[in-house]
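Shared chain: chain A. Partners: chain B in the first complex, chain C in the second.
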Partner chain A sequence: MAFINIRNKEIQLKIVYYGPGQGGKTTNLLYINKNFSEKIKSQMVTIDTYGDRTIFFDFFPLDLGQINGFDVKIQLYTVPGQSRYDTTRKLVLNGVDGIVFVADMLASMRRKNILSLKNLHENLIKYHKNIFNIPLLFQFNKVDLSQKGYPVLTPERLTDDLNRQLKRPWITASALTGENVALTLKKIISMTTANIKISLN
Partner chain B sequence: MIDLDYKNLATGVEERLDEIFADDLRGYNSQITKFQYFETPSLANLKSIIMSLEWEVTDDHLIDLIQEIKRLQKAYSENDQLKKLLRLIFHLGRYIRIHKSHTHPYIFKMLFRFYNSSSKIASGKYSNHENAKIVNNEIKRYLSLKAYLKRENKSIFRRSLKKANTLEESLLSSIDSLSKQKPFASKDASKNHYRNLNNDFKELKKFIYLEIKKLREDLQRIVTLIHKKA
Partner chain C sequence: MRLAKLIKKRQLDFLYETLDCELIQNGITSVVLIDLAGNVLTNLSNGEHDFDTYSLASLTAGNFGAVTALLDQIGEPELTLLFNQGQMLNIYFRKISADYILIVVFDKSISLGYVRLKMDTIENLVKETLT
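Right after this comes the complex of A and B.
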């Protein structure tokens, strides 16, 4: 849930990049870090933790500065996609406000995309969150591979596999070239901010 | 109670993000597509569900399968041949629902086969006569699969019955040998103790005998039922 501090006039949102392993979640953040770190005035941090053996997740604090009198801070996280790191994924999802599901467009990744989305659904339930209610944006990553002759899944097939019931916005992207990476981030932040309904006692 | 003006906040955030990412957002197609559900009859959803089922049998996938078949039956209400194939897929789905993870792997092969034939018919490239031929072949395959599974079930019951008989014999013989064994306790041990132990063995033997007898009767009854149905 979004962290709002009325006294300090501070809003913190947590956005998680979720998806199968090797799908391009970290590459998304690396691109933002490389191209916008000066404007954002922050750096990406890779955290090494213990519990699920040695694992990594990425953290990228994004300071948007003063907006409507509030200091808006966005925390971007990625999760390890490999199935064996489920404990970390659950941990990172704690308090999530918005999710970018980075699906891999490679044809061979079809099942992994489906399983990863299923895993997201199950892990959200553990935090009493509903995948149907949370701001969620699909990013179909590696669109550049189709031009290189690799067998890729069409956006129609991916929406059919993953988004048939959810009916969420989706976008094709290439985290490697940066195509639509910033747009993805902009969209999910907008979706998440628009979703905040806060009333404080 | 303090209410935050989140609508203005959202607009403010969006404007700030436009400032930050201005260069990048201009460079690429900024079209975000809102997903449109396929209203036109399409078998793509069906294939996706069958693939999901092959990967993992879950109630959600089975519910999806039933709903998708219902949707397609409506969408193709005038195509009798396709409706027959969809009905076969529905029956296989029902079989999977009962047997879950113990579903015979051949069922999934058959599901894919029926899907392929359905997409052939839905493509409209074949004549009515050819479509009827495709469907008849698939019905024959379905019936032979059904007969094969019946035979499989029978042999499983026979094997279980044989296993139960062998188990009974081995258990009774081991109990016999145990009860006939001379106690290896010291000479000081009281005679009552051995008598009690012997009685316990006899009771245990009786109990196991009765349990196995019941089990055998149950299995025989099931086999008789199968024979009658066949």
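Right after this comes the complex of A and C.
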């Protein structure tokens, strides 16, 4: 949950990029880290990767500026996507305020997207959070692959698979080229801060 | 579902005063109080080092969670402290109640025994303040 430090006039929010393995969660953070360096005072922390796979989490804090006189610090995390790392995935979700679900548009990833969302739902329950209440944004990633001739899932198919009941906003993106990566971040920050404002009022 | 944790200014003032008086003024390099989500509650330093507090907090929360899960595998229910003796600086982590971790960084001029002794007093004070 968000931490509001009255003494230092600071709000800390935790946003987690969730989704199936090799879906582009780390690539999202790498793009943000590279392209918004003026807002980021820290190096991106990447723990224990085996090859290019995240096995614990990636992290960096992002300074958002001020809202109502409070400095807002967004803590961005990714989780390991592979099913075997569920324990660490659960740990990263502790205290989460907003989630970007990075779904992989590759047609062959359809089942893994669905399983990962189910896993998110189950892991949130363990922290007494409800997937229907938490700020959640879908990013349908790897939109560039269709232009390269790869079989991809359409946004309609992905919406039907993942978002039929949740009815959350979604964005198509390419973390690799940066297309809509910033928009995704902007949108989830806006959703998360709005939710915290509601809770404070 | 609680969405935000808000700690009163007087509680934080008391924590800052206590940690400064008990630890920083007695030679400790840096003291950071965090919650298990990796949020920073207090951050004090003697000014000799400039650590990236937020990375320190996220890594500590992750590390504590990972070791707790590890202990669970061998049937140990709880992790209360971690310690690493470094070449220049040592780092001591102490879990305080179910939700918080105190990170204490100190150099060779301070003994681990002294830090552990101080922790018993501080743990109670922090618990009383935050509950």
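The rule is short, and it goes like this: the second predicted complex is superposed on the first by the 184 of 201 C-alpha atoms of A that agree within 3 Å, B and C clash if a C-alpha of one lies under 4 Å from a C-alpha of the other, contacts with A are read in each partner's own complex, and residues count from 1 in each chain.
We adopt the following convention: contacts are C-beta pairs under 8 Å (C-beta built on N, C-alpha and C of every residue); 3 or more make two chains touch, one makes a residue touch a chain.
Because the structure is a prediction, the values reported are computed rather than measured.
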{"item": "Clash or fit (per the criteria above) of chain B with chain C on chain A", "value": "fit"}
{"item": "Cα-centre angle that chain B and chain C span when viewed from chain A, reported as a multiple of 10 degrees", "value": "110"}
{"item": "Partner chain in contact with A:Lys129 - chain B first, chain C second, else both or neither", "value": "second"}
{"item": "Contacts of A:Pro61 with chain B and chain C, given as first, second, both or neither", "value": "second"}
{"item": "First, second, both or neither for A:Arg164, with chain B first and chain C second", "value": "first"}
{"item": "Touched partner set for A:Ile6, first chain B, second chain C, both or neither", "value": "both"}
{"item": "Which of chain B and chain C A:Ser42 touches, first, second, both or neither", "value": "second"}
{"item": "Which of chain B and chain C A:Ile196 touches, first, second, both or neither", "value": "both"}
{"item": "Chain B versus chain C as contact partner of A:Leu91, first or second or both or neither", "value": "second"}
{"item": "Minimum C-alpha separation between chain B and chain C after superposing on chain A, in Å", "value": "9"}
{"item": "Doubly contacted chain A residues - partners chain C and chain B", "value": "4, 6, 196, 198-200"}
{"item": "Touching residues on chain A, where the partner in the complex is chain C", "value": "1-8, 12, 14, 41-43, 45, 47, 56-57, 59-61, 73, 75, 77, 87-88, 91-92, 94-97, 128-130, 133, 195-196, 198-200"}
{"item": "Chain A-touching residues of chain B, taken from the complex the two chains share", "value": "1-10, 12-14, 16-18, 20-21, 24-25, 28-30, 32-35, 37-38, 44-45, 48, 51-52, 55-56"}
{"item": "Chain B-facing residues of chain A, complex", "value": "4, 6, 11, 35-36, 39-40, 64-65, 67-68, 70, 72, 110-111, 114-115, 155-157, 159-161, 163-164, 167-171, 178-183, 185-187, 189-190, 193-194, 196-201"}
{"item": "List of chain C residues in touch with chain A within their complex", "value": "1-9, 12-13, 16, 35-41, 52, 54-55, 58-59, 61-62, 65-66, 69"}
